[in-house]
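Here the chain labels run A, B, C and D in written order, and each chain numbers its own residues starting at 1.
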């Protein structure tokens, strides 16, 4: 393949003290290692006030990034069995940009269930966006104990899991 | 019952040009007519920036309102099969305030399905809040044609539907 | 395209007096008109007793049909916000047969919401089967009044809706 | 309380080699220990053929049991992110019997997520049955390694989890 494949990673929380940032950075490194171009789109930087009026210049910039992507990854925590509000605000700004793109979701939770309910709820959203939610998700459980003080992941199995997701994203791309 | 029953109505969208406001006002009038005390809590007024830092004074005020309520009603549109982000940001600010309170949900949509998917997603959230999501929901479909230019509802069947919901809220209250 | 595209329609209820059969037959005719090969797989004929032991010869036959399909359509009613048990029993008999196939779902309900909740629940199942649940669903509402005594559909808009679904199935096929 | 509280446990799978039976028996013992009357209703014994025609005498018997219950527990595995078909067939036989009863759900899975998706899907069904799905669920993960050869549970934390669920069921009962 000549053209580089670009898969941005949406970090879907702006909460003070968020733990998902570590997971997003880990997924970012694995995605680069796999050979894809990638970058973290942090909803904290771009998310608009709750009045839905995202700055047009910023909106256009992100729109171009998403249009340009071959697939998308979302890394987000589960809050009360759902997705963070700021992630939904961010996602609802776009529509046709998503069409036909495979979506891999990485759930994050402090408990043992890895954000599994949030993953399901996002999948339903993504179908409305004409995306292809893939089966291979990554569930980051017990996030507070998953990384050491240098932010290295303690459980090496996660590398393989991210790789499995990336592989399925790749094989689900349209072109 | 001597003490007045208080059921606030959360208007769950801050979007420019939102249509759900009409539905919320209609539910508000019906709730008063039924004999309950009520008020509209508009997420547009209270919702915080996406950094999750709701002003402490405001937070305390709303917390007291929710604690004081016998039940809650949410009126919200469905955006891309899910709930608005600003509604989720609002809801995630509270937890024990919700415990054991019955919840009635009114979905709003421009299409014919009345926000039914949003209703289901909110129900899952509400269980995590230890609420009792009741069966009787109200589905405001084709919202753009549902009210006349004086904001009166054109389909009189909705009065009965809201009443059915209020009745079940009443019979689901703990005390 | 030389090779004929084959899209079987799974009729997902075995209930006495089921109304979904009319919807399935309507979708069947539209699918033929569109130019695809199709056939109705009726869970009533094939569904096994609840002990999960589908007859091996029958299982092999259906397995081949699904493997052979370019996409799948499910027509099923919503019972109590979920899918019929006999449909789930049927679906759980297979796994790799489904891989990478687009799935169109047609919900059926006696009420006005067209089985929308059932559609969402099936979509979550289908992702686990590595399928591609497409955005375009068809919602057969008020099913008891939707067909005349000759089983002709009264609302002509449904032809267009099925066509839209078929088009998206076609454009989501892998090869 | 003079009158004994009766909480039947529905074992929601009839699959050959089902592992959920162990979890159901464990929950049964814990429920007795807690002081409730209980019994296992096994969908394998009662579930009807897929034609929905449950034997009327059997149906009446189970109907009486459910009517008599103060709350219900369902123990069921997750198959492909959903509930077993035979469980849904069983549940759809009843309606008013469920009204206003608290429901505790115990998910079972061979993987690490304890059937969390199945729990969510059942909760949505239970709201349509006018039940009160409680927040406290029990997630039996990695079920194949959870019990020793004498069918004793290896992880003692599960006793506390079941107790927490029973407590919340108790405090959610109407009378």
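What we mean here is this: a residue touches a chain if its C-beta (ideal position, glycine included) is under 8 Å from a C-beta of that chain, and two chains touch if they have at least 3 such contacts.
These numbers were taken from a predicted model, which means no experiment stands behind them.
Ranking C-D and A-D by contacting C-beta pairs places C-D first. Placing every chain at the mean of its C-alpha atoms, the farthest one from chain B is found to be C. Averaging C-alpha coordinates per chain places the centre of chain B 31 Å away from that of chain D. Remark: chain C and chain D have CA centroids separated by 30 Å (rounded to whole angstrom). If each chain is reduced to the centroid of its CA atoms, chain A and chain D end up 35 Å from each other.
Within chain C, contacts with two or more other chains are made by residues 81, 117, 120, 124, 127-129.
The touch graph of the protein chains shown is complete. Within the complex, the chain C residues that touch chain B are 81, 112-114, 116-117, 120, 139, 141.
Across the complex, chain A meets chain C through its residues 100, 120, 123-124, 127-130, 132-135, 172. Residues 14-16, 43-44, 47-53, 79-92, 117, 121, 124-125, 127-129 of chain C touch chain D in their complex.
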